[in-house]
């Protein structure tokens, strides 16, 4: 009978893991819709293709090599049982949950380089990022390995519960490197350096994408408790759900008030970014704050994202069509730094060390990789292709072929 | 070992609550898409902003004050553990599940006042509705408190399983008060009193919204069993899922046949309303009917909604762009009244008393609040702003900026 | 205490079944969005109505008669407890899970006959298909009944885990019969027999639909383990999730590479079909392959679908607007035949026998039914109605009424 | 024969069509256009960046009529397309040009009878 | 030079383009328009309310040609744009007006050679 | 008065509008159109079937001006609408026709003053 009980705990944890993983997988649809809504219609089919393709590449590369690099278990998962042999859940469910995180990190990149990058150059980047770059830093953080034999982040007081840094800031770092190598979209900046708005084509899609991400984030953060079948873990998961939701709400409200004060209008795109910022901000530590604290952490994320998007766009001339670098990078960092405020086991210095390590590694390797891709196959479509939209040159079809453009 | 078993029951119930809550949260996306599909494109960005904003406001106000008012537990959830101390689930999971219900009630209002209301007047209403108006009637019903010390609804034989009245009819009552104060959209009624159709811009979005709501409703009704970890409750939850689905199907089929008979065509908008009507109708008592009875309860909802929308629109000149008052109010009442047909513990008189109490309270307080808002900050955009669409004046952007209008 | 444990197992299995069923129900939204994206805008409202309607009809007919025919339990589920009396889950959860499969099979048909069929002729077909045709072959396969007293498929070494054949190929067989009786769309084929491309109107919707189906498929395959509450079944469900995802990824990558090689562009519509092909391919046996094998099974599905769509379209002149016959039929067959490669208990001969039985039954009865409907009420709209779009004649409204066409 | 081209505000379309119907005009071709003129565009926001929309939504009506109808049609449009009694900037314009021939495709009729 | 403006049914666009190509016309500008005319609009439904759609989808073709091509073009359009042999109401119209000058932006060429 | 109709590439719209503003043109009506001409369409793919898109997206500008502005406007458009210094096939055309009358709806003004 005791055995039955243990089996049932195993079943509960596995079931929980799978449901949370399915929610995170759903975030792939969220990123697709968000990005498809925020680009111009002439670049929409391409960004959809990119999102479907990157999800498939992430799943396959992480299966072949990345999971082994991060957690062991052998190439092509041949020894996957070994990894989870003492776990309270089925080994495949751990892989399933982890793999959707890789895809999330990769999705962050796709938005920032939208409307001008060559599709297959992006896919080439995705292969290396999901097979090597992400798994390496994942091994240092979530698997506790030492960073090139130098130091162990966990020992320094670093903690990133569900990945504000490990997933989101990492994705943003790769995106930033990509945008720097790629340059701004044609027509984004005027000769005098001023910046033009390039409105996305479809706000309902962007809103749908945000709601999908909001929902999927319950899996992202909730699943990161990694266990459900005890009172303690059930309480933890419940608190994580509550706080994840509260932080998103805080991000929305803060962004809403701020844009109303700044420009007198409720700029929907910023409100959506506020929701995502709230979610990114709480991700590093959704278990320790109270509901009110979570709301405030999210709200600060919402404020940060409004300023960050403007500063990156206008001051630094970094052209990020969907605001991914601000939402996931700047706010991801804020999320890491907010953890010590509510979690006494975590140190600011550790968070800074972790953020630095992740950023340097991901940004550095990504920069080299983007530059190499630029040299070898080129990463940017021609000017004319960009004017006509990348859909036709890359996908050979139009997203809304019937509508007049 | 016994302890382990109790912990596992706790884990199962908590897990179940969280999954059901995530499904209900997903309904926020459903309302957004439904409403965004049923308004004209020039009012689409605003309704999206409204839906994202109201969800955030609901979550925050209910956290700060509403939950305490309804169930106790202290302002800002500071004593939340107390509320659920004997519960078989984690306290935060209860809050998480309850809070998404508040947002649902509020979402009902947003559709009815679409295309002409000032955004921030709506948000002001939302703050009071989710912080006070809804929690008060929630306390009288689901928390069994006496209505101003006068009577206890439960003692009168009132029962509303998942909220046909407490959530849906309440939302519709607030919406009705709002529409009466606000008036019809420009161009909706001709001088001779006849009514014009104002078609919504995007039927795929409206359909997507309906499917999202249909899916989310499994959480709405299924979660309202409030327990899963026993044979009895598992059987109950399963029956609720089955009946919720059956009622939605019945609503679709009834509306489909009826519109075909009346107008010779399968008016999609009415078919979608039929599905929602089926869902609203079964919500007050999804546990006691057989599958066939549930189908019929839903079908009657589907018939009612077709007539109700027409009568409200043409006879009473109540301009409700999405049909929310009919779907949630008229059919919500039907749902309440249908309970005694299959549940011998519930009395018609009790249902009438409950419906009356909810309606009088919510309609009355909402009316006062709308009138106050009208007097203080104004609730309606100017004629010209309405002609040009509220998107530009309220949000400063367009939902489909590239498309010709 | 032992009783408590058994109850908890019951609760876990029921809960699991309901969650999986909700995911499969969600596939109805996926098919709707996929098909709405792949037809022209003038036929969009009708296909949405068709999808909502067929789901409702499937649920109702299967409740009234189909479930009894397939598994017993009485008309209108009156004896449903009997069916699942020894089951480890609540009887209604079994029905709930099974019923969404019927709807899936029916959804496959709707896409193939799009843009030219009479809506109510389709619904008439749906009534018989979901009430009789599908339940009959379901009884032979999943319920192990003998085929007209002749042979028992299971004894021949036939196995179809989650329904590559029983659901997908069956749907495709009905669709094929429909398309043959119905004929191609006006303007699809030129006088010289060459075929014209008729692009779908909305690629983001088609992509959203694909992601929804991908997510829902975790329920489709994962739920088909039929149990969760033991280590063995938890492991099985986890492996099924992993492999389902891997196969979809394999299908995407294979289709992507193939279209790039063949036409130099990443044709999004084929990439989406690749994802679905991967999912269909793995459905017959997602439990036995390794992750790599699953990826390859999916990849072969992705290759098959690209060729199949072209051959059906150009060589056989079968006009299937969404590619349903290739995705679900051709690849469904591949899925069945792939099972013996990784599952020693299954025989090729058995798979062929099963595929043949399903196809002959479904195609034959469907053909008779389509011909009968054609003779009695007609199944095709008039030429002029087809030119103007079926939305106006069948639904009386337009999907995007504001857009210029 | 003359071809009148009127640019009007989109929400005035129904009023203008009714006014034209009343004076017996039975053929109109309408196009959704964007107009740039004296009417100041409005400012939009996008992710915190303000920008000006110069091209405002308008509807263009093309109406082929016989020469003697010109004045009646102009006055029907003028009165029905005004935002209010004084008119507002952006209410639009009417252009008149010469039309040499008309053919009704269905019948092959030409000239005024084909209008 | 002349400017021909043809209003046709949308699904006839390919046929008309082919007919024009055959007689050597190599330039067309097409616009999606809504037409109001003798062809009765249809009734639509929206949430149970019936209403009439007066403006039906049409395509407008503008074709600049030299004066001597007018007859050939009119007959090519007329025969290819008809719904059937007798023609149906709503098949459309062709308007002919005078064109004073044409400039090809790329080369600056003017007159017939720029067509 | 003259009516100029220019067909240009969509992404040139802002440049052309700026060029026109500079020479004092204050009224333009723009329409999204599809153009068929010497510029070869591109091939698209759909579910593995290749097909040619003949009608490419263009923008049509209608500009009513007084006769003496014609040359200035043509040269402003010509120089700003070219893809590059030599021009590319498909850069577009300018059509000039006569405009008999203009009415400003708001004021009832007619003639050049109404432009």
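First chain written, first letter: the chains are A, B, C, D, E and F, and each begins at residue 1.
Here is the rule we go by: contacts are C-beta pairs under 8 Å (C-beta built on N, C-alpha and C of every residue); 3 or more make two chains touch, one makes a residue touch a chain.
Predicted model only: the values in this text are computed from it and were never measured.
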Comparison of C-E and C-F by number of C-beta pairs in contact, larger one: C-F
Rounded Å distance between subunit D and subunit F, as computed from the means of their C-alpha atoms: 19
Between subunit C and subunit B, distance of the C-alpha-averaged centres to the nearest whole Å: 32
Centre-of-Cα separation between subunit F and subunit B, whole angstrom: 51
Of all residues in subunit C, the ones touching two or more other chains: 1, 5, 8, 12, 15, 19, 199-200, 202, 208, 263, 265, 267, 269, 395-398, 401, 403-405
Contacts with 2+ other chains: residues of subunit D: 31-34, 44-46, 50, 97-98
Topology of the chain contact graph, where touching chains are joined (line, ring, star, complete, other): other
Complete list of chain pairs which touch one another: A-B, A-C, A-D, A-F, B-C, B-D, B-E, C-E, C-F, D-E, D-F, E-F
Subunit B to subunit A touching residues, read off their complex: 1, 4-5, 7-8, 10-12, 14-15, 17-19, 21-22, 25-26, 28-29, 32-33, 36-37, 44-46, 48-49, 51-53, 55-57, 59-60, 63-64, 76-78, 80, 89-93, 95-96, 99, 119-120, 202, 205, 208, 393-404
Of subunit D, residues touching subunit F in the complex: 2, 5-8, 31-38, 54-55, 58, 60, 74, 77-78, 81-82, 86-98
For the subunit B and subunit E complex, residues of the former touching the latter: 195-200, 259, 262-263, 265, 267, 269-270, 273, 306, 309-310, 313-314, 323
Of all residues in subunit C, those that touch subunit A in their complex: 1-2, 5, 8-9, 12, 15-16, 19, 23, 40-41, 199-204, 207-208, 210-212, 214-215, 218, 222, 228-231, 233-235, 237-239, 241-242, 245-246, 248-253, 256, 260, 263-269, 271-272, 275, 290-292, 295, 403-405
Subunit E partner contacts - residues on subunit D that touch it in the complex: 3, 17, 26-31, 62, 64, 97-108, 114
